[in-house]
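A, B, C and D label the chains in the order they appear, each numbered from 1.
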Amino acid sequence: MTDLTFRDDMTVRLVKHSASDADVVLAARVSTQGPESQSEVWGLGPAEHGLIRYLMRERHGSPFEHATMTFYVEAPIFVIREWQRHRMASYNEESARYRELEPVFYLPAEGRNLVQVGKPGRYTFESGSALQRETVRNATREACDFAWQSYRTMLAAGVAREVARAALPVNVYSSMYVTMNARSLMNFLGLRTGVDSARFRSHPQREIEMCAELVEGIFQTLMPVTYEAFNAGGRVAP
Amino acid sequence: MTDLTFRDDMTVRLVKHSASDADVVLAARVSTQGPESQSEVWGLGPAEHGLIRYLMRERHGSPFEHATMTFYVEAPIFVIREWQRHRMASYNEESARYRELEPVFYLPAEGRNLVQVGKPGRYTFESGSALQRETVRNATREACDFAWQSYRTMLAAGVAREVARAALPVNVYSSMYVTMNARSLMNFLGLRTGVDSARFRSHPQREIEMCAELVEGIFQTLMPVTYEAFNAGGRVAP
Amino acid sequence: MTDLTFRDDMTVRLVKHSASDADVVLAARVSTQGPESQSEVWGLGPAEHGLIRYLMRERHGSPFEHATMTFYVEAPIFVIREWQRHRMASYNEESARYRELEPVFYLPAEGRNLVQVGKPGRYTFESGSALQRETVRNATREACDFAWQSYRTMLAAGVAREVARAALPVNVYSSMYVTMNARSLMNFLGLRTGVDSARFRSHPQREIEMCAELVEGIFQTLMPVTYEAFNAGGRVAP
Amino acid sequence: MTDLTFRDDMTVRLVKHSASDADVVLAARVSTQGPESQSEVWGLGPAEHGLIRYLMRERHGSPFEHATMTFYVEAPIFVIREWQRHRMASYNEESARYRELEPVFYLPAEGRNLVQVGKPGRYTFESGSALQRETVRNATREACDFAWQSYRTMLAAGVAREVARAALPVNVYSSMYVTMNARSLMNFLGLRTGVDSARFRSHPQREIEMCAELVEGIFQTLMPVTYEAFNAGGRVAP
């Protein structure tokens, strides 16, 4: 029997970037300084911090577009699906037509709340009982195992990958490269994290929020002033 | 035991549209006629046919963007995934977080070629043997059945839909509304149909091609002159 | 001497549309109802009003994208420039390469405030003195007149339109067709009108605001429930 | 009298970039190699060259989107207008509302053809006579001079910049930052250069072609393999 791998985490790795707070300042200043804006932005002093906060508050979003980041991502298909709904980004993803997928599947970690309580539009999530956790664990594992056997059976019979993959579940891991600019990335964070202090509270599925949190950490490192202004402004993408 | 439904077809239904060949002519003429372009385009004579062919041939694509179509689509998730990679469109899709999915799954029809022959980048598809067909049939059906039981088991235990759906395969049907303009639609047709006469021959998976063929039929009906010019020009989106 | 025309107004005319509040409801319901969403939306009762307000408040913007409107616009080039910075739209504009422009120029109306008071980022506009008004009137008219003579002189000498037009001022009128969806249109309204009750107060130039007000009137007529929700939500595009 | 500056050239300066041929290879390989694609692309050998040519020929455009370039541009407004019609890019431009413009204007160089010969859709450009050249020179210079005096007169009278600028001609220089990815950039080159060997021959205005040629030189330096494949494939953006 094939060894299936079950993961409960996501991978978001920074591959390359051209992203700094100075990029925002440079682009913004062309509107008021024209050709004089070309001088290097050597450091970010109070004036530059203030400018970035001003742009965020007034929702002047375009200066944030010149900062770009490329991520390598591993996540289950149901997460990839949500991510790729964000159209202001560039994607290249592992293909189940051109490649046999690996038997790597998502299984919720211990801490993942399993039970939805409340009415549509007002759900909260609760942990769930030990029995419910056991049910998820077993039912998911068995379904993955069965699906994987079906996939392998078809491949072994000489059936095309693109036909055989129909049997695979949406929690199988896929991988992709994503390039986003900082404006689009903040929109992604605003919608895909559920932060109580946000001006518009979002309710993302926990699994894409795990990805968004990893993106957020990288973004904070690369563009700390922009990141602080984003939070100060209620996490509304400009 | 639940009754599973297996389908081998796709649904693409025109919901509404604001799309005609005259839209293209009107928009194109503003560049040469300015305010005089406003007169109604009452009919499409030889001059209008010629203009549309000219725009297509010279790849002046923007006049085709003012014609919009909204479709209702039913297709398996693996097809929806490919479709939604087209970013110049608007999508709203059935949510497995907000709704229990129906037990409707895709199973290839008799005529669907199952075997890939050749080297990467140069594959052709062949029918496959009776045994291979039987294997696909059984393995896919059983995988769907098993997955559905797992999904139902979790739901019955009170587990949230968004957690339980992880077990469902990518051939479960989803539904969505899509709005595209004629330019984007032609790009979709160029990439998602494999027509030998095309200047750039595409190799789409058969299942999304089935959707594209339905889209193509509707497009041809609504915008016959544009459609003819698209084909005459080698099916290259302008 | 050529008769120059001076205008102080903008033209925004609805050419065609596929836009109604019902479009929004239909698209939104697919997420919770899947195939059952297909039933016609016969009327908009309290449930539908509530749904639209909910989508606006929670910033679920995609259902608003299926409603599209096409406008015919006449405005000076400096306004067209601002409008075309909105990338989620389709444009075809009168070409000064393919067509001789008409001698129609923008001149501010009596009521247009002419004087900017205050510091960068905190300007207000005030009416200006009679002398200032006279200065604008004369200086603008004379500049247009002189530029027009230069343009005509070059054309009369057999110089190409695209070369001669370099002399024309940015207040010469151009014409264009624009297609926008309701989501993009609300973003346009949010940025190009300066309404005190808006959650994010914008400070557009008055001339593009005049266009935006005309767009707003048409939008209100076609999609009254969406329009009301847009205002109730602080004029933030979802 | 103010000293006006007349220029006959364009500025396109690379500000920053995250663009190399290796980016394309990395992103493309995720489709066939999934997680294994992560290994560094250390060099570009024959396999990598072949892959890039294959992607271009088959019009697999998305891998080219991860390479981004930011340019600083100085060009007359009529060129900026054409450039900003390309929506797959990010722009920040000098504002005539927030800043007094400089008296820098475009005047065609000696070599610029001035006369259009032929029928619509089939024009060629010819040099023009000495008299025509003299006419352009004088008429343009005088129009700029007159317009500039009108602008200064209004500003001196205390009129707002955004009102006064209405008098300025479309050949006044503006400045902007532009960020484009390599796919969008190739589309820009395809449309804004007129190269006889191109599969789809474009007929851009010479002045934006001058910008495009500068962009092309930078692109060729940063991504030589992609650039070669672009030319080999008839300069059709993938």
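Before moving on, here are some points about what is shown:
Note that a contact is a pair of C-beta atoms (placed from the backbone, for glycine too) under 8 Å apart; a residue touches a chain by one contact, two chains touch by 3 or more.
Quantities reported herein were computed from a predicted structural model and do not represent experimental measurements.
Because subunit A and subunit B carry the same sequence, their contact can be compared by residue number, and over half of the numbers here are used by both.
Between subunit C and subunit D, the superposing rotation on Cα atoms measures out at 180°, rounded to the nearest 5.
Mean C-alpha position of subunit A lies 26 Å from that of subunit B.
Centre-to-centre separation of subunit B and subunit D, using mean CA positions: 34 Å. Residue positions of subunit B with contacts to 2 or more other chains are 32, 91, 98, 120. Subunit B contributes residues 32, 54, 58-59, 120-121, 191, 200 to its touches with subunit D in the complex. On the subunit D side of its complex with subunit A, the touching residues are 13, 15-18, 23, 26-28, 30-35, 37-38, 62-63, 65-66, 68, 70, 72, 74, 90-95, 98-99, 101-102, 174-177, 179, 181. Interface residues of subunit C, counted against subunit D in their complex, comprise 76-78, 81, 84-85, 87, 91, 96-98, 106, 108, 112, 114-116, 120, 125, 128, 131-132, 135-136, 139-140, 142-144, 146-147, 150-151, 153-154, 157-171, 205.
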